[in-house]
Amino acid sequence: MVFSSEILPRLNAPYLICGFPGSGYVGKMAVDHLIQELNATHLADIYSTSFPPQVLIRTDGTADLIKNSIYYFENTATNTAPMLLLTGDSQPGNPDSEYILAEEILDIAARFNARQVFTLAAYITGVFVEKPRIFGTATDKDIVQSFREKEISAMDGGSITGMNGIMIGIAKIRGMKGACLLGETSGYVVDARASKSLLEILLSMIGLKVDMTSLEKRAKDTEALIQTIEQQMAGKTGRMLEGQQPGAQNRSSNTGYIS
Amino acid sequence: MVFSSEILPRLNAPYLICGFPGSGYVGKMAVDHLIQELNATHLADIYSTSFPPQVLIRTDGTADLIKNSIYYFENTATNTAPMLLLTGDSQPGNPDSEYILAEEILDIAARFNARQVFTLAAYITGVFVEKPRIFGTATDKDIVQSFREKEISAMDGGSITGMNGIMIGIAKIRGMKGACLLGETSGYVVDARASKSLLEILLSMIGLKVDMTSLEKRAKDTEALIQTIEQQMAGKTGRMLEGQQPGAQNRSSNTGYIS
Amino acid sequence: MVFSSEILPRLNAPYLICGFPGSGYVGKMAVDHLIQELNATHLADIYSTSFPPQVLIRTDGTADLIKNSIYYFENTATNTAPMLLLTGDSQPGNPDSEYILAEEILDIAARFNARQVFTLAAYITGVFVEKPRIFGTATDKDIVQSFREKEISAMDGGSITGMNGIMIGIAKIRGMKGACLLGETSGYVVDARASKSLLEILLSMIGLKVDMTSLEKRAKDTEALIQTIEQQMAGKTGRMLEGQQPGAQNRSSNTGYIS
Amino acid sequence: MVFSSEILPRLNAPYLICGFPGSGYVGKMAVDHLIQELNATHLADIYSTSFPPQVLIRTDGTADLIKNSIYYFENTATNTAPMLLLTGDSQPGNPDSEYILAEEILDIAARFNARQVFTLAAYITGVFVEKPRIFGTATDKDIVQSFREKEISAMDGGSITGMNGIMIGIAKIRGMKGACLLGETSGYVVDARASKSLLEILLSMIGLKVDMTSLEKRAKDTEALIQTIEQQMAGKTGRMLEGQQPGAQNRSSNTGYIS
């Protein structure tokens, strides 16, 4: 763990909001948007021997080791709580290391007496929908009860695997509160639309307003991409039907071609 | 490891009875029944970086990290020995961690000077039987000899893999006695019937009586489930025979289709 | 590591002779024969979290954790060097643990100022031979040069993988001498014949005589087994040729049946 | 880590040049050539439990544990910077251990206040080319800018995986500079031609001249090998075309046969 300054900022019981890279980049995109729009300050980089052993090359030709990073934001104008924002290049490569990374991130959060941990995740359904729903689970009943007024569907079974799950599970054992919010997504595309819906709900929960223009633009790109895919799939089905019409002797070869 | 109270109870040389989740949930269901019927007291939760990295979501919407838990029971009315009862959401995900978890559980047992370790396991046969047999192995010859009067078939070869095996193997090295009792099960269903037979034998060994009503009810559900499966399989065989009747020349292709 | 006595024997620069379980049990069978015929004394058991997590059940119904064991033998009658004899139920389940076990075994050998490490291994050829050859490699040139007078074929390339290799490789780094002797075997059967040939060469190198009767008996069993296999294979080839003779139209289905 | 002498040499801010074994042995061959031509002095051997657990057997019959080795070279005649040269039998077998080995090598480099780390790697294209291009990435912009005058193509995206990547990534975190140079190669052959081109560029960057005769000879062998492969592939294509000529109705089945 490498802090960008030896003098740590004083943050009064901040939220810790985690956007780990995962399905559709739903969570990571939301937190990256927050970091950018709030012009959040870099706090620390976290490296791990369990991250994929590689450097990522930037457009300027320089290379950097894969890492997770924490930024912070203090809203001096309003009385909104400050925030720790976690984003990353990768999740750990094995289960043991997920636990260890979660502990390390929560150690940092504990230094600032963080009040609550949010993990932003994807709820994969395999289908494209008009308006993504938001699902949630939490460490405490009062958080679960607050879901209803925010139009979050409280999950009542199953499990949350990976960093998004164990971050709030370990938080609970350490006496912190946590909630995992999941944006509905197909799982097929990088889904800025799900990301935008998820972020809007989160901002409403923590009482903060952020310029959404750039994320809305990406959400429209996602919509356009999904429409293109749906049209191609409809087209394929169309051609497939046409291909099967001409005559019985052609059917098998056409089907073979398509599959 | 998180104890639910800083003041540990005084238990006089208790039995440690382990119901790890495994094939047919034979062992876990037996211990969960004991915990429920005896209204056993929660002693400690054990977390491990080798458990699957996930939280389980309850019906009330709250989430908890995967764990093993130990409860205890003191029979103040009779002079039966007290018990430590272990149940869990999961077994460790790799061999190394199985050894480490076993040591950790035995550390707790050693604090109370546990007299004997029982692990309750499944003996998988791949077939459905009317009355499940109980098999056993132990660390000491006198325990093996006591199997006969309890209608436990002493195993005389092979191995017991996983937590059920190494718990008693490590117990032996640490100077404790151990026995592994295995309930015969098909391996295809959650088998409350095997669980009930196993628990009855165990209770007879430690001289304790417990209300079996709820487990017997589940055992009847298992019986009904097995009968349904057997009828479906018989039906399939019936259809298969019909398919083969029409003529000799069709036989081989039908067989090919079914297999 | 559990020593069977707190007072360790005084051994004057013993040989360490290792029979890890492996292909054809060539090495393990040779060392087990030595332990039995020399009536060697148990020195220590070595347990490892990297051994398969299981207990092995004996014929008397009792169970023991998987382990490696070291015995010792002092030849008070003659002036032959004393010996440490290592045998085991299993090799470690992952590469890292092989290094760690090798270090642990060599730590024990170093307590007695062991003069040389022998590992007994299998040289797998995939074919049955009349008289198994013995191959070898060593840490020092003088040992390699001594191979010629013992009819050991010095290897001049390739590698020795697993415990048999790294035991002598680590011995070299720690300033000890080591040799790996390999008995030629098909790799298809438990090969007491290869084991016997290997042990004879080893005994000749360290100047010791041991009653070989029981191992010779097992070697004859191996010979009988190999002859049975060879006859069956010859028979199969015969039947296959017969099956193809009757007519062209039967050929493909017969071939299909055999393969 | 085993140093060959207790008294370490004094080296004034050397380069660390790494030739890990990898695709086409492009990097390792270049560094091995440097060690041989400069008659570099052995400094240290590095062993790791993550290297494949085996000994390599030399032509004289002796065996050595798999290792990485560091040599050093001081150019007393000219004012060229001294060099640490790393070559190895193997890379670690798992990601975690790659990080740990990289740290260990950089610990040694840090003892000598190394000025810059070079890793020599392969850029795999899947095709044979006349003149291999050299690609590069670095920790600092000034190094990337210097690539242009050396005809190195600066990469502007993607990643470098394995030791060649994380060596410079960790170097950057530790405040050292690093560059990864990659020689274009097909990935199908041990490619001394790519190795020679890569080494020439490196020598030009560090201002050193080395006799290239033996490497040029091996590069010509590579060229001959590639020509043979290309001729064989051309021959195959020729036969394939002939096979398709007989008639239109056979075409599809022929194609099916070939693919």
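Each chain carries a letter (A, B, C and D) given by its place in the written order, and its residues are counted from 1.
The criterion applied here is as follows: a contact is a pair of C-beta atoms (placed from the backbone, for glycine too) under 8 Å apart; a residue touches a chain by one contact, two chains touch by 3 or more.
It should be emphasised that the depicted structure is a prediction, and the values quoted were computed from it without experimental measurement.
The angle of the rotation superposing subunit C on subunit D, based on CA atoms and rounded to the nearest 5, is 90 degrees.
Two copies of one chain, subunit A and subunit B, touch each other, and the residues they use overlap weakly: the shared fraction of interface numbers falls below half. Rounded to a whole number, the gap between the C-alpha centres of subunit A and subunit D is 38 angstrom.
Centre to centre, using the average C-alpha position, subunit B and subunit D are separated by 54 Å.
For subunit C, no residue reaches two or more other chains under the stated contact definition. If each chain is drawn as a node and touching chains are joined, the picture is one closed loop, every chain linked to exactly two others. Per the touch definition, subunit C reaches subunit D in the complex via residues 95-96, 98-100, 136-141, 144, 147, 154-163, 165-166, 168-170, 172-173, 180. Touching subunit C in their complex are the following residues of subunit D: 2, 47, 49-66, 93.
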